[in-house]
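Take a look at these structures.
In the two assemblies presented below, chain A is common to both, partnered first by chain B and then by chain C.
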Partner chain A sequence: MNDPRLGNVVEMRDIVKTFPGVRALDGVSFSVRAGEIHALVGKNGAGKSTLVQILTGLYPQDSGEIFVRGEPIERMTTTRAKDVGIALVAQHARFVPGLSIAENVFAGSLPRTRGGFVDWSRLHRDSAERLRRFGLEIDVRRRMEEVTIAERQMIEIARALFAEASVVILDEPTAPLPKHEVRMLFEFVRRQRERGATFVYISHYLEEVFELSDRVTVLRNGQLVGVTPTSQLTQPTLVRMISGTDVERFRRPARGGLGKPVLEVAGLSRPGAYEDLSLRVHAGEVVGLTGLEGCGNGALARGLFGLEPLGVGRVLVDGKPYRAANPAEALRRGVAYLPRDRHGLGIVGIRSVRDNVSLSVTDKLANALGFISGRRERSLVGKYIASLGIKTPGMGQAVENLSGGNQQKVVVAKLVATAPRILLLDEPTQGVDVQAKVEILRIVDELTGGGVGVAIVSDELGELTDVCDRVLVFYRGRLTREFRKGVDEMTPARILAAIEGEVEEGVDAVA
Partner chain B sequence: MPWRRHVPGLLDNLIWFILVGVILFFATQSDKFLTPINLRNILAAAAVLGVLVVGQTFVLITGNFDLSTESTLGLSALLGLWLIVPAVAPTWGAGLLWNPFVSIAAILLMGAIIGWLIGSLITYGRMNNFIVTLAMLLILRGAMLRFTEGNAVNGLNFPPAQVFYSLGSAPAVTLPWLGKLPVAVAAMLLLFLIGYVILEHRPFGRDLYAIGGNRAAAVASGIDADKRIRQVYVLSGFLAAFGGWMLAGRVASVQVDLGEGYIFQVMAAAVIGGISLNGGRGKMIGALGGVLLLSTIDRGLNLMQVSVFWIQVIQGLIILIAMFIDAQKVRFRAPVVDTGATATTAGTAASTAPAD
Partner chain C sequence: MNGSSAGASAAKSPISPSAPRMLLRRLGAIDEIGVIGAIVLLSVLLAILVGDTFLSTNNFVNVSRQASYVGIMAVGMVFVIAMGDIDLSVGSIWMLSSVSMAIALREELPIWLAVLICMVVATLCGLLNGALSVWLRIPTIIVTLGTLSLFRGLGLVVSNATPVSGYNLETWFFEWIGGRDPVFGIWTSVWAMVLVGIAGWLLFTRSAFGRRVQAIGSNLQAARFSGVRIGRYRIMVMALMGFIVGIAAVVALAFNRNGSPTVGVGTELYVIAATIIGGTALTGGSGSVLGAILGAIIIQLIQNGLALLAVPPAWSTAVTGIVIIVAVTLDYLIKRR
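Take a look at the complex of A and B:
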């Protein structure tokens, strides 16, 4: 794949970067060849994001050198990075949601008529033409907020490429993507590579690394573990390089003798979201809710937690009628929810790890006089930092300074601290490394041991089959299929078929 | 650049360095500066401002503003006296001759109600806090004119009005060297202490920080943000009325423009004391530093007999410096580390898209 005559487009040597209390990068060297897709992997907090942020000038390094096409770059800045053609595609795409795709594509340099007004027809023609050059057939008049996340990412990659970027860095692009959009994104990335673009690709999904990349660089604790052509790797070796030990895939044993139902939903409908849903979650049970993006599983979880209207129908929690007008009410009834949108709904970034973990239980930590007991709070937060392996220099660290996966663990800790009866998890392992994934799933298992009912909204089918007692498939707002562990053949392949709408015998077809 | 990492922490505690520096500067300029009477004056002048700043800090932490407090302050001072003094000259009251304690209870209640009203408009009415409190600032100022028809209400020689002076001017404790500290100063310091304890050690305070830091996440963590916001405005209005009681006892007569322009000092003191206008950051103790600094500079310049013109210019500059510091905090905040793994709102919106 790699033409050996092509040199390194990017070379970083002995990069050191320290933050207060953390040595994020400890002499890391990293190089990227022209035209390759180079995967950058490592555990949460290994230093991946920091490395690419230094490469794009978002942070200065403490020491170490950066070369681009053999030229040393004295001080990398964001403008410098742009000049030498390195672009970072961030998840929080820098788009204006209310404007059209065309306007976003040309942001800052809209074509004008002679009178000085925006030349709309030219704008639409040119932007459509530009995107078409990258193989994107998109109606550019649509507003940015209406397009899917994958399309946004492709538009952002295209925008970077026609701004003359030759190296595009994707930091966990697929974490928020539904599976079928991942495929679209990958095809797009491959096509751009054929045309000469180079990619750095950060991800915790190892299957993706194997599918997409030519070479892999592994970081651990701010140090380089190794650089290897992907074809010479197997998944277990890669996992070992990443974690330093073998990581057992977590398979939750099927637990016999389910408890009473903790959540009962009967005939629940909400126009535009779901229709006539009936399901149960028992104490000690893990139920997967899966389906295509927009099939109603996420809406159900948000509705149950009081973030969105629930619709009409009967819902019982612990046998009593249930309806939450807001999350506070839901939490009082023992219903906790892990949001998919971590930055928007999960963390209070500028506050400390301590404040975030205890946020929902400050009342319970208070003593008789209503003051938060410092001792009890420290022991609670300390317990979760230890049990979830949250990597932080201390409880006082602002959560926004933690790596992505560790932020997710903070959110998990906050939920578990509420001692819920029902736990609704929306893509709980997104952005979480292999080992932490296992830790989070283990916590889920522990909770079910204590009688909690868990519902996981996810399209990680491998994970669902590993931990769920049952998996329910949603299709266009309706429940179409149920898989029971040990009764049905519950495999990712069969679930996938059901997700995509294949109707099996004996199951009611859905209009 | 390793120095960068110390910048945010330094900015948060900058106030105490500045305060010491300013005190040393004035001490070299005037030998009257480091005298008990002058320091007492500085503290006494800080009392009313401090009371307003305590209330404002609660509001600012949630990411909101309360511009109306200076009008609530003036109106409460005025009404408090107006209700108890005779209608005729030289007192110019309502002639109702209320019991002063009832009158004080009434203005405190009024302050709380004004705050509740503002909070309700902002939360139930989904209105912008800046505009709502600005409107309230004007409305209350107008109400002051209406009550007095332009006269200055005077309680100085009217015995029942003593209740006001006992808070505003009477001495509380006698300290060695410093001498007799006014009740007003003790009350202000006590309010700062209470405010500090609430913000740091009560669930209520944590909720406020979370709301100011990321309101949606706070709500999703089970916090009733709307209720908390109404509560901070009630607190702010109540404290403004309390400040009015205090202020009425420091002036001989209450003019209709009493309290006008206070809000600038309140904001400047809070921000220079480390309270972020973006919400979610800052400590009560820092705000106290801001109050002491402003009051020190004011007295110091007076002692040096700097002209009023320059005093105003310098106050303006202090506000600019405070805003500059606030802006630096955002600038020196580390960029968001995790560029990955976030569903955008469009993702959630898409997931509720209907099936046809």
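Take a look at the complex of A and C:
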């Protein structure tokens, strides 16, 4: 073998893969050089996951060849992939949460004493040493569920590298991470690259692609669009490659003449969550609620939706005193909430698009005996499929088979069907592709045209400055800063400074 | 269906697979295909082996009656399992409500009141299952494991562990509800199963209630976030289960004549098996009322067949278990394609 740093450690040629009725990959070639961080990007359904699943042997390709370090692999299987050093680190790392870090690191091959019992002292010593070799100083006695998600991912990467993986595939690693943990993870990945590891990095976050990767492979509709060194790319070019069209950012024009306040919060406090919050959301307004993880913005949204106690203070919805003991009551009062965790809390995956959209309003679709009128339901669901641009083969399609962006639109449709007065969106564009992101923000804009008040809990600052009339910054449970479009200079950089606790003189809490 | 099409040759034309495969796929799309296939298979087998007795009208009338009680209860179990819960106490609810009704008759209460007592007792038992599970936050498998003994124990107490009888059998109740219809000669309990099946099917597939039950079983949290009152629904479904057991208890008592304290022992397992054979996923989220009834028929067919083949009863139980496993596996294999 010649200099491995120049050769392709993985090479996939003309890979074809079809599923019933869908050609997931249509002759895609993909190669990874040793020692690089190679980003694999594309919309949901572009074929990234299928490509990676073939590479890791989860299922076979219909045709095409795979080479690892120049050797052809006749039939890739999961064990074969492991043997040749290809490892996948999934978004939700596969650990036993109740066991210690040490036990997880050595899972399946715990060191034994001569008597056959686990040799705990050696286990702790060895696992700590292993992790230290990868620059991780962690108390290995702690249980896996106690460490942050970023640390879990780093441990999993280290575990893969220790098992002599040479290519580590990171599948959307940052989606569940708060910003500062992303930084930690990236530093770690870069350090491992310096030591010779190779990474395939799948992500929707284009900023991160530019920050981290050496080269980018773009897929669209199961076909290869191009492979380019990241340094030669600009963000608009990359977006064009991904979407096939010029997707602009969606910039919501400032809308004058706000309606009456739909949500008023005055002096609201809940120990441990937030303190003395006062804010308003008006009809037709989009308000961003941002801050560091745990700063109180998410807790406020969940409290308003009846998932957590609201605490002490005054809350009015449409001018009337408001409290919700559960989501059912919140929805009845016109407060709808889009959860951050789409899979766990948003979609009812195995049920159809129709069932999902109508789930929140089945009562309204039913007659006096409780039977659903098929005609009314079809017209309701059809209306939202059309107006939100949900791409689905039919109403009967199981939601789990849709792309992430379309799943999210189904969840939005379900909420909009309740005719809410105020819509609380918790990271509404997380894990959806560029185009779907724009479409979802456009939907939000249309809703405000109909008099709905929208509050977005997010730390996507670019997005917030694009769509919000106002952005409120939370810092340690308090509202510390307000940015108004057209009045204050509302830029991501200035908001970020406020988020991290930089207090400006003369600006006080918000009315 | 997300199966991978096998082999490299299939790659060229993904849309038009071969005709037999097409047929298989079409059949696989029918939820109850596994059970229907098994019923056909069993019937053909028995027709060949013991055709003269198996194919007689009398045998058909008997098998359908014997299947009807489990069939009725399986309709309720579809809701319970599709919601992601389970009810192990149905056999005991049957027994407790049955002896309660018999005692009411013995005490010379009017028949309508005795029927009402039976239904109320059964429904309350189900309600208790649901309420305990929701309020104490204990899974229904644990709660009903407890009430399985509790209800049967109460039934033994009130009946003194002896069959309750000694009431007038010459009434419309025992003659009609416990008899056969004059046109087709089919037992009333079978007609009850058909009615409960139709009502259950409508409720499961066409009502807001059924829709929400399945949503809960598919993703409880997402259902909650969609405004479904989870606790209330779970209690309602467990109560519905009890109510349906009550129906089975009434028609069974009409046929059996006396309130036996041994009725329903182990019935919960047949009810659950029938439901699962019928294509209701144990993981919740979907189900089939028709399938559950067919599942009950299958179980009865097996036992009937083994009896006709003169297999000793002990073996009959073991073979029933094997066939249940085969039926479920068959269904799974067809669905997976």
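Rule of thumb we're sticking to: the second predicted complex is superposed on the first by the 466 of 511 C-alpha atoms of A that agree within 3 Å, B and C clash if a C-alpha of one lies under 4 Å from a C-alpha of the other, contacts with A are read in each partner's own complex, and residues count from 1 in each chain.
Throughout what follows, a contact is a pair of C-beta atoms (placed from the backbone, for glycine too) under 8 Å apart; a residue touches a chain by one contact, two chains touch by 3 or more.
Keep in mind that this is a model prediction, so the values were computed, not measured.
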Side-by-side fit of chain B and chain C on chain A, or clash: clash
Partner chain in contact with A:Ile350 - chain B first, chain C second, else both or neither: both
First (chain B), second (chain C), both or neither touched by A:Gly449: neither
Which superposed partner A:Arg23 touches (first chain B, second chain C, both, neither): second
Partner chain in contact with A:Gly196 - chain B first, chain C second, else both or neither: neither
Touching partner for A:Pro72 - first (chain B), second (chain C), both, neither: neither
First (chain B), second (chain C), both or neither touched by A:Ser63: second
Partner chain(s) touched by A:Gly319 [first = chain B, second = chain C, both, neither]: neither
Chain A residues touched by each partner, larger count belonging to chain B or chain C: B
Set intersection of chain A contacts, chain C complex versus chain B complex: 18-20, 59-60, 62, 305, 326-328, 330-332, 337, 339, 344-351, 355, 358-360, 362-363, 365-366, 370-372, 401, 414, 418
Chain A to chain C touching residues, read off their complex: 16-23, 59-60, 62-63, 305, 326-328, 330-332, 337, 339, 344-351, 355, 358-360, 362-363, 365-366, 369-372, 401, 414, 418
Residue ranges of chain B touching chain A (in the complex, touch as defined): 1-2, 5, 197, 201-203, 206-207, 209-210, 213-214, 216-224, 280-281, 333-356
Touch list for chain C against partner chain A, complex: 1-5, 7-8, 10-11, 14-15, 202, 206-209, 211-212, 214-215, 218-219, 221-229, 285-286
Residues of chain A defined as touching chain B within the complex: 18-20, 49-50, 53, 58-60, 62, 88, 90-93, 97, 144-149, 152, 171-173, 175-176, 202, 271-273, 293-296, 298-299, 302, 305, 307-308, 326-328, 330-332, 337, 339-351, 355, 358-360, 362-363, 365-366, 370-372, 374, 400-405, 407-408, 414, 418, 427, 430-431, 476-478
